[in-house]
C-alpha cells in the first residue's frame, strides 16, 4: 500500500477519502489537483469545513439522510441488539435498558430493544427529542440519577463523557455498559478502570470490573462500538455497505461528469442523487 | 358574539386568531394596533406570509414541532384508529390499509394501524419519506395502481385530489375511503358522487356508493377528517388541547412582556418556549 | 315477545338459548322435547353442567377456542382501547395501565394498550400466566400494593371482587377504574360509593368519586363492561358477531341432521366445526 | 468418561438422562435400581412411554410449560433472529419471511422477525393455530405455492419433510432456507443437494446451491438448528439454561425426598414445581 503522499503524487483525478487524510495534504490550487472527490465521514467533513480552504468540490457522504435512516437508525438499532444477544447470551426480558441519546441511532436502539422484550428508558438532553421519546412510549429519565436502577446502559450520542463517573458510581451490581456511538469516549472507561480493584475477561468483548464495595460492572468491547464488536462480528449490514458504495459511486460520477456544476469546498450529497437512490432502494424493499 | 370589525374596533392589545381572519382586516401601522398576537393555523400563517404586510409580530402556533409530534403524529394516529373502530365496528385484522402520505400524520396512522392488527402499505411521493416508510417495515406502493387491492384507504397528505378518479375506478368492491388530512379535498368525492348510481347512509358517518358495475364503495364522514367525525366524536385529545392552549398562552405572554424582542411579521414559536413546554410535558409523561 | 313457557309450549325442535333460561324450564325426557340445541354463554353452560340433567345434546358456543381467540383476545383488546380513547378522550402516553388478569381478554388488552403508547403492568395470580406476561415484556405486580402508582386500572378476570377495598384505598388521585370482564363485580364499586363524599357525572360513562382525603377517582361505565359502554358504543365487532352466528348455525345444523351422533348433555362445539370455521376465517383474513 | 453400562453398574440412586439412553439399559425392577430420575428431552419421554416398562418414576423436564414459554417461544424466537443477523449480515427489511409452523417456536420467530422489520407470512396446517396467526396480523399462506415469492424460509414444526421438493422447486433465485426445529429433516436437504449442479461455502453456516435453471438457493447451517449454529454461536440463553437446571434440580430433589409420592413411569414436572419456579422467575423478571 502506498502512503498518502505517494497517492497524491500520482495526480489522481478523483479522490475518495476517509477522515480527510488526503485532503489535508493536498494543494487544491495546483494545476494537477483532482477535479474533486468524496469524504466518507462526518468527522472528515467537519475537518474540511473548519480548517481547509479547498478549491475543489468535496461531497461528504455520511451527511446524506439515507445514511441516517438506513445505517444509523435501523442498521445500528439492529446490530446493537444482535450484538447484545451474541456477546452476552442474555435475554432482554426483565432487563431495564437505559438508552442514552434519542437521535437517529438512539431511537433505533430503543425501538429494537423494546421489540425484543426489554424494558427501555431513555435519557436525552434535547427537549424536543426527549418529547419524541416520551410520546413513543419510553419513560425519559435524568442522569446520573437514572443509573441506579438499570441493568444495561447503551450510549449513542456522539459526544464524549456522557456516562460519567457520577453515573458509574450509582450503578447497581451486575450492570452492563455498552457504547454504540462512533467514539469510544462516551462511557468514562478511564474512571471505571481507575476505581476497579480487579478486572476479569469473561469472554470475547466482556470485561468484568470489581469495585471495593463489592459491585461488579460489566463493560462490553472496551467501550468501543459494541454493535460492531465481540466475537465474530460481521460489521455493518450488506445493505448499509451497498448504500454507502452507491452514494460514493454516484457522487464521484457527478464530479467527473459535471465538475463545474458544483461549488468548491465540502458539501452534502446532491439532493437529486439522494432521491434517485432512495427511490431505487424503496423499489427493491417493496418489490 | 361580536363580528370581526367590532373586535378590532375595541383596540385589543393582543390578538389570538384562527385563519388570519382578524389580521386580514387590521391596519397594523395604526397607532392603536395591537402589539402583536398569535395565529393558530398553518394556513393562516401562509396567508400572513403571502399577502399581508404586518408591522407587528405574529407567532404561528401550529408550526411548533411540539404540535407535529403530539397532535399530528400521535394524536391523529390514535384518533384515526379509534374512529375507524368506532365508526365502522370492523376489526383491522386481515384488512389491507393503504395510508397515503408518510408525513407526521401518515406515519402515526400507519404505525397505530399496524399495532391494531391491520396489514399496512404506504404511498408517498417524497422519496426520502418513502424510504423511511420502507425501512419502518411498510411496503411502499404506487397510485393509482395500488388502489386495486386494498380494503381501507386513509389519506393524510394535506394536498388536494390525492386519491383521484383513476384510483377510485380501480377500487375493489367494499373498499372504505377515509381522509385524515385537514382539508376535505384529498379524496375526489365529487367524482365518487358523480359516477355513483345510488347513495345510501348506512350509519352516522358511513355512506355507501353503488356503481353501475356492481361495486359498492364506502366513504367515511363525507371525506372530511374522519378522525374527528362520526357519531359522538370527542375531537382532539385533552393533551393535544392542553398543549395548544399552553403554546398560545406562553406566546401571548412573550409578546406582551417582550414586544420589542420580536421582529415584525409571522414567525415560529420561539425556540425557548418550545423547549420549556417540551421539558414540562416530558416530566409529566415520565413522572 | 312470548314468554319462556310459551316458547317451550310451541314444542320447538331446536333451542338456541342464552343463560340456560329455556333449558332450566324444559322437561328433556318428554316425548315432544326438542332434539337438542345450543347455549351461547359459558355461564349458561356451567348452569347446565351443575344442576340440570339434560337428556338432549346442548352445544355450548362460547367455549369454542375460536371465540377465545377472535372475541376475547383481539375483540376485547381492541374494543377496550377504542372505548378508553372514546370515553376519556385521553392519550395513553405516559399513563401507567394496570391490567388485572392475563387470560385471553387480559393479554389482548395489555398488548393493544402497549401498542397505543401506554406503559403497561400486569397482575395475575396464576403463576404460569404471570410468567407469560413477564416474558411478553410486562412487569408483573402484586395487588393491592400495585394500585398506588397506576393511572388506569382495567380488570379482566371473570372473578368477583378482584380490585378490592384495600386496592381502592391505595389509588392515587385521578386514577381511572374500568372493567372489561363479563360481570360488573370485579371492582368493588359498592365500597367506592360507600366511602365517597361526592359523586359527579363528568360525561356519559364517566363518574368521578371524591374522597374525604381529597382524592378523586374516576369510574368508567359504572364498573360494567366499559368496552361495550359509554356514549354511542357499537358493541362487539361485526367479525365477532359473524363468528358467533356461524357457530350457532353450524351447531344447530349438526344437531338437526346428526342428533344421534351427539351424547346427551352440555358439550363443546364439535372439533370439526371449529376447524372448518377457523379455516374459512383464515382464508377470509389472508385472501 | 465412563460408558453407559459403567454408569449403571455404579448403582446410582438418581438418574439424569438425555434421550433415555440410560433408562433403556436399566432393569428398573432390580433391587439396586435407582429410586427414579429425570429425562431432559421430549423425544426421550416418548421413547419411555412407547417402549419401556419402567417401575420407577421419571420426570420429563422438557414437557414443562415453562420450557415452552421461556425457551421455545421467546428463546428460539430471539436466537433465530440473532442468528439470522449474525450469519447472513442482512437486514430483515423488505424481506418476506415465511415461518412454517405456528406452535411455541414458530410464533416466537414470527413476532421477533416482524419486530425487527421483516414482512412475515405463516404456513400452519392446524386450523386453530392458523387462526391465531391470522388474528396476530400474519397472512397465512399454503405450501408449496407460497414458496414462490419469499426471501427467507424458517421451519419450526418438529416434523420431517415440511419444506418439500415441490416447495424447493418453486423458490425464487436467492431464497434463504433455515430450520429452527429440533430435527434437521424439516427441509428436504437431500433433494436440494441432489438437484444442485454446484455447491459453494460462502461463509460459516452459509452454503449456496446452484441449479441448472440458474437459480441459487442459500441453506443456513446445513438444515440443522440455525439458531444455535453458524460462526461463534453461544447456544441457548443463560436464562434458558438456568431454567432447565432448576427444573432438573427440583425434580430430582422431589424424587429423592418423596419417592413414594410419585407413580412409576414417565410423567410431567409436578404442577407445584412448575408454579414455584414460574413465580420465582416472575419475581426476578419484574423485580
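For reference, chains read A, B, C and D in written order, and residue numbers begin at 1 within each chain.
The working rule: a contact is a pair of C-beta atoms (placed from the backbone, for glycine too) under 8 Å apart; a residue touches a chain by one contact, two chains touch by 3 or more.
Just so we're clear, the structure is a prediction, and the values are computed from it rather than from any experiment.
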**Report entry** Chains touching both chain A and chain B, listed by label
**Finding:** C, D
Query raised in the report: Is the C-beta contact count larger for B-C or for B-D?
Result: B-C
Query raised in the report: Centre to centre, by mean C-alpha position, how many angstrom separate chain B and chain C?
Result: 36
Query raised in the report: Between chain B and chain D, what's the gap in Å when you average each chain's C-alpha atoms?
Result: 49
Report summary line: Where chain B touches two or more other chains at once, the residues are 74, 93-94, 117, 134-135, 139, 285-286
Query raised in the report: For the complex, which residues does chain B have touching chain A?
Result: 65-66, 69-70, 73-74, 127-128, 130-135, 139-141, 274-276, 278-279, 281-282, 285-286
Query - List of chain B residues in touch with chain D within their complex - result: 93-94, 114, 117-119, 134-137, 139
Report task. Using the touch definition up top, name the residues of chain A that touch chain D in the complex. Result -> 74-75, 78-79, 81-82, 85-86, 89-94, 112, 115-117, 231-232, 234-235, 237-240, 284-287
